[in-house]
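Structures for review follow.
The following pair of complexes shares a single chain, subunit A, combined with subunit B in the former and subunit C in the latter.
After this line comes the complex of A and B, so read on.
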């Protein structure tokens, strides 16, 4: 096992730095958005003479302002102060109070025009760029935070479900086991989908908060952009890029991710997000380190432990007829295919395509040249048939409930090896399979020329691969 | 005194006037308007509707810093303070205005006899 430290440090440092930066940005921007007013904020204006007229003017001005709540409150408070100062000055000059109000408001000009000019003053191009850049950074940090939170949420959810099932079982209520014999595929796919779903939601909300705060745009204004961006980016990730075990519940959850990203941009957008304090950052950072270390270590192990198998038959005591290989085709007559020409082979992961490569060795005996061995055979191919699981009682072998192969691939001769690549990982329910080498003999009938061997595969691909998988 | 300067002539000079009075110290919006009028002997009366957009734009550009605090008389006010960027901006605007003013004076005076 080897650990590539450079990507590991990049992952630790980059992810942690992104997370801390994002949390800091969001907390700063939330103050700007008015969720956490601090001591330096504007005063609450008490009811004063002419308050209705002033409020009506400011309300009209605010409709054109379209700024974050904290900015709107500041502008309104500042203008109220100004109008009151102006009124006091005018009254000192001899104006009646009612006339002084109208004069003071009149000097500020039309409310809509004032609101428009103030909006232009706040929403500079520099702030817009800062909002866009900050939004991207915050989305990255939010994704890391949401990813960790999603893992925790997923695990807690499954623990809760298992606890409920156990309690019901103790009470004598037995629910159908919908995840039996699926090698954890359903649970894994749901966990992956939940993780990405939470990450997409948190990332989109972080982006909206930060963009609105830095660009001085109303959250609902920037939410339109981030809803589209979030739906496209996270939708693409969820549907086309996230590869792994899939199940119908997991795929259904993944298809919801673009919708969740849109909802996260808009729903309760004016409410504050949960406070993320120092301890939350520390725990997140430690979780990130532990998770990353685990990923790095497990990836190092998996390289040396890639799947492979032998085409030899099970070592348990059984009769050849128990394997039901005749379901595929009768064995080739020894007169046309002398014993020892096909000497077995194996299967393993195909590093190029990610599929399963099967091969049989031809003419391993130097005394038996390859070409003459196969000269009477044509249409040589590998046939994958559904098989009985080997861990069940019995030797496994062909599942006789099926009358057609699961998949067929032409055998390619290279040197003294016949090989083909099957994509069992792209079949929703490949399960156990048995690969047999067949060919058409001199009499025009198809025969088995190699008894092959079997293995197990589960789906491994994107949601799109799952939806478009052949039946 | 030649009287008040017309609004159109003041257009574009608000930034220079605001930065100039804030060089003397921190002020809030209404005080800024009053200070401009007083310093010009009543000649310049800034349009109050364009004063606040100008102040907020200067703050967005980093030329001013604003903070809420108690005023000498009455409630809390939003005070503006000129920054280093603002001082540099003031110097540039002042030079441009001096050049413009000189050129305009010569142009209005007509050719020398």
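After this line comes the complex of A and C, so read on.
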């Protein structure tokens, strides 16, 4: 396997940079949204001259302010400072203290109007655009962080269930095996959906909090926009774009992702985000690199190990009748078989469509043209039949419980080989299959003109592909 | 009655923003608190030549648009605000005009 280093550096570097930027932005916005009152200027001290009047004025002003906590604290502190300064000037001019307070507050105008004007001043278009941009970046970084967290959560859940099942089995409790013969598809699809679900939730929450902090708006005010955006973007991603193994539980979780994005935007959104420490970021970044490299390596191994096969028959000792190929069609009489009989073939991944390409080579002698050798035959086609499990002991062969093929594709002649492409990966439960070349002979009956071969396939596609897939 | 009432509120705020910018224009690294900026706005108009004075200036008895103007200028990136401590340890919010190049360490002017 070769690694293209430039895209790899771009992927890991970009993901890491996005993660660090997002966490930095969120931290900054959390400080603004969850401000502690002792961090700004002078508070109104009880017992101080005019403290009650000043507090009442500020309280009325604050009801119209509706800004993040840090901004409210700063505005209040600044106005207290201003009023004290004005009072000192007015008293120097000969005002009585009580009158100086009223004059100083009166010069600032009606408190509600001042609060409204200050809110408009803070919530500028420039800050709104910064909030939108920052929200997008925070969503990207939150998605990376949530994805890593989702993987960890999924693996922990898997280990917990595995431990419980092992304990119950040790205690003699018999549990039905609900994942038998699915090549781990159910577990993989659940891990995959959980990861995406956590990532969507974290990304949406990050976007709301960051956007609110940067645009100086209450989180609930901007949550509407991010709820719609999160539901659309992550819903689209989960249902139509992300491809992989699928199962009913996994698809059900993926269909919940738009709802989860909306919930993440609204539920308890005024509460501060959990603090993400430096070590959490470092461990997440290392995990991202290790997991991604592991995935790349394992996918390379699995592709090279499973994407092709041979049409030759199983090597174990068996009779041809054990394969039950006559269920498909009787073998063609030797006299009618093409000259230079079927010499073999195989199957592999079709690079264009991602399906399974089946080939049968016809005519061993290159000097003999293939087309004339098929002159006795018409409606030449490949038939895919459900097969006995390939990974179990026994010769395999056609599953005789079925009386019709799983799929049929016309055979296309190219050079001296006949080929067709099957999309087993788009069938929910293709499992084991056997493909046989058949054709209609001179007597008008369909015959088998090769013994074919078999393999295993599992569903690979989006949740939408799964929902609309034929059985 | 203050300047933010009535239909002239927007133009009043625009005028106030301009007066604030004029007041913090020619300071070299000095940061000013809100009350000092207001006094400086008033002094600049009082000291100006009669022919150069605008028809209306800031009313010393009306500070209702001072902080909306300062905060909107800060939100637009025209001025920058910082909290600084005085000799008594009290913190004050100060402003100065934002520049492309960094300032030298600033001095605070309160009165």
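Just so it is clear, the second predicted complex is superposed on the first by the 376 of 471 C-alpha atoms of A that agree within 3 Å, B and C clash if a C-alpha of one lies under 4 Å from a C-alpha of the other, contacts with A are read in each partner's own complex, and residues count from 1 in each chain.
Simple rule for what comes next: contacts are C-beta pairs under 8 Å (C-beta built on N, C-alpha and C of every residue); 3 or more make two chains touch, one makes a residue touch a chain.
All values reported here derive from a predicted model rather than from experimental measurement.
Touch criterion met: A:108 reaches subunit B and subunit C at once. With both structures placed on the common chain, the touch criterion links A:246 to neither subunit B nor subunit C.
Look at A:121: by the touch rule set out above, it reaches both subunit B and subunit C. Looking at the shared chain after the overlay, A:215 reaches neither subunit B nor subunit C. In the superposition on chain A, contact of A:185 is made with neither subunit B nor subunit C. Residues 40-42, 74-75, 77-79, 81-82, 85-86, 107-110, 113-114, 117-118, 120-122, 124, 126-127, 216 of subunit A contact both subunit B in one complex and subunit C in the other.
Touching subunit A in their complex are the following residues of subunit C: 2, 4-5, 13, 33-35, 61-65, 67-69, 71-72, 75-77, 83, 90-93, 110-111. Subunit B meets subunit A in the complex at residues 28-30, 47-50, 52-54, 56-57, 60-61, 67-68, 75-78. Those residues of subunit A that touch subunit B in the shared complex are 40-43, 74-75, 77-79, 81-82, 85-86, 107-110, 113-114, 117-118, 120-122, 124, 126-127, 216.
Listing the residues of subunit A that touch subunit C in their complex gives 40-42, 74-75, 77-79, 81-82, 85-86, 89, 107-110, 113-114, 117-118, 120-124, 126-127, 216.
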